[in-house]
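The letters A, B, C and D name the chains in turn, as written, and every chain counts its residues from 1.
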Amino acid sequence: MDEFPSIVGRFSCEVYWGDCDPAGIIFYPTYFRWMDAATWAFMASVGYSPKRMREEYLSMPLINAECKFVAPAQHGDRCEVRSRIGRFGGASFIVAHEMARADGTRLAHGSETRVWARYVDGPGTPIKSQPIPDEVKALFRAK
Amino acid sequence: MDEFPSIVGRFSCEVYWGDCDPAGIIFYPTYFRWMDAATWAFMASVGYSPKRMREEYLSMPLINAECKFVAPAQHGDRCEVRSRIGRFGGASFIVAHEMARADGTRLAHGSETRVWARYVDGPGTPIKSQPIPDEVKALFRAK
Amino acid sequence: MDEFPSIVGRFSCEVYWGDCDPAGIIFYPTYFRWMDAATWAFMASVGYSPKRMREEYLSMPLINAECKFVAPAQHGDRCEVRSRIGRFGGASFIVAHEMARADGTRLAHGSETRVWARYVDGPGTPIKSQPIPDEVKALFRAK
Amino acid sequence: MDEFPSIVGRFSCEVYWGDCDPAGIIFYPTYFRWMDAATWAFMASVGYSPKRMREEYLSMPLINAECKFVAPAQHGDRCEVRSRIGRFGGASFIVAHEMARADGTRLAHGSETRVWARYVDGPGTPIKSQPIPDEVKALFRAK
């Protein structure tokens, strides 16, 4: 998963009451919500803010997502998602995410496979995959 | 709330594991998710399906929402939302919702105040309120 | 709503991609998720952390929740919920919330009516309302 | 994934307005919410209802979840999740899910790896994995 020498994105989050289930631990789709938000934050960190993505008709639909759950998180846990690019393909890319609690405990790790895509006629209209520009790839390259 | 002689919409739902919190009961924003889905289903029941709403650039943004919680619902409870139009204004309308368990127990009741609106240039573009057409109002009138 | 001279809690949040709907703006139950999280954070700010609440078998079930939506929020908006105690009753209390964007734009304002309650036999077991201790009320009193 | 000759569970669902994102299609964590609900419904279909699971202190925490997204779903799509047991281990098991639209279009397919577990002292208390009883395995065996 580490073919691309990627910078690391950091996304802070917290386990809220409503993110937990009757077992008293995090409801697992929450991790996928975090991964999605972490990817958007990672994009923003290199200059592709939600606003810019909207204005340039860009989106990042998913092909695949997976997550391994290592330790249960509880209400009130402050967490961080550390994201990096696992691989850049022609039009697709993999974002690898590590979820950890503030005390360092590793909670979960997963990845998303996404496509670089453009709305043909603006937000809400059909999306078409695009070759990922080299300038975009360069923004994520670790020096 | 019952000024308008409204037909009644019925929306079936169920309390899922992930809708519940560590107290073992429904997480309250779930009721608002249900009310939203119930309103869309109510519209669909009179001919305004999601597909038609999209094609005609229609939406129903909210001004206000409120809910009273009467009895706690638990994982596995099969429920129904019964919706009716509380009032039609010029461009706004109130949808009143009753949430009950299949055994008849009343769980919650609330209302949404919404605006009849149109996307100026299609989904995702700015929305502008519209006078509610008389034909639309007539669709909800109880005979 | 301002009978009780309350301190103000501050809860930071952000509108994520998944919090928005096909209209490109925040899906309204998100505000209720924020209000819930803001109330828990407000409690934590005066010493009642999620951990302590769990250990002392305390919870805060709801009687009522309402929200007025003033301006639409979009993906990427950084926001803050400012919370204060609107009123303390015997076993119930009202938390009033103001939601604003980082640029100061007021987005929504609402309130929750909650009950101070205890799990009879620990988390997940039935909850019983309790008189709100004067020490708890004092923690929220503005000097 | 098809080592165990499993019966098939069927779970009906629908794409609601609030399940969709600004691209106008389903927000992907929704599929994981569906898979979770489908697994609970699958258990209920063989006699392990949410109520019974609670009363017997049983839960099914996750080790892993993954999903492949094949075609985008839209607001209003009626869907079905078809679930089967992919494999039974000693204390863990895999549930494989197929998500399809009512018109037959395959939307996504994924799987969850779960542990058969018991709360040591009732809901909300720590959970410990348990050998899956042969009687439970037998309930899912296709004749």
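Criterion: contacts are C-beta pairs under 8 Å (C-beta built on N, C-alpha and C of every residue); 3 or more make two chains touch, one makes a residue touch a chain.
Only a predicted model underlies this, so the values are computations on that prediction, with no experimental measurement involved.
Identification of common neighbours of chain A and chain C yields B, D. Summarising the inter-chain layout, the chain whose CA centre lies farthest from the centre of chain C is D. In whole angstrom, the spacing between the mean C-alpha positions of chain A and chain D is 24. Each chain gets a centre from the mean of its Cα atoms; for chain B and chain D, those two points are 28 Å apart. Centre-to-centre separation of chain C and chain D, using mean CA positions: 32 Å.
Along chain A, residues 17-18, 22-24, 27, 29, 33, 36, 54, 75, 123-124 each make contact with two or more other chains. For chain C in complex with chain B, the touching residues are 22-25, 27-30, 32-33, 36, 54, 59, 61-69, 72, 119, 123-124, 127. On chain C, the positions that touch chain D within their shared complex are 17-18, 20-24, 27, 29, 75, 121-125. Against chain D, in their complex, chain B makes its touches with residues 14, 16-18, 22, 24, 33, 36-37, 40, 44, 49-51, 54, 74-76, 123-124.
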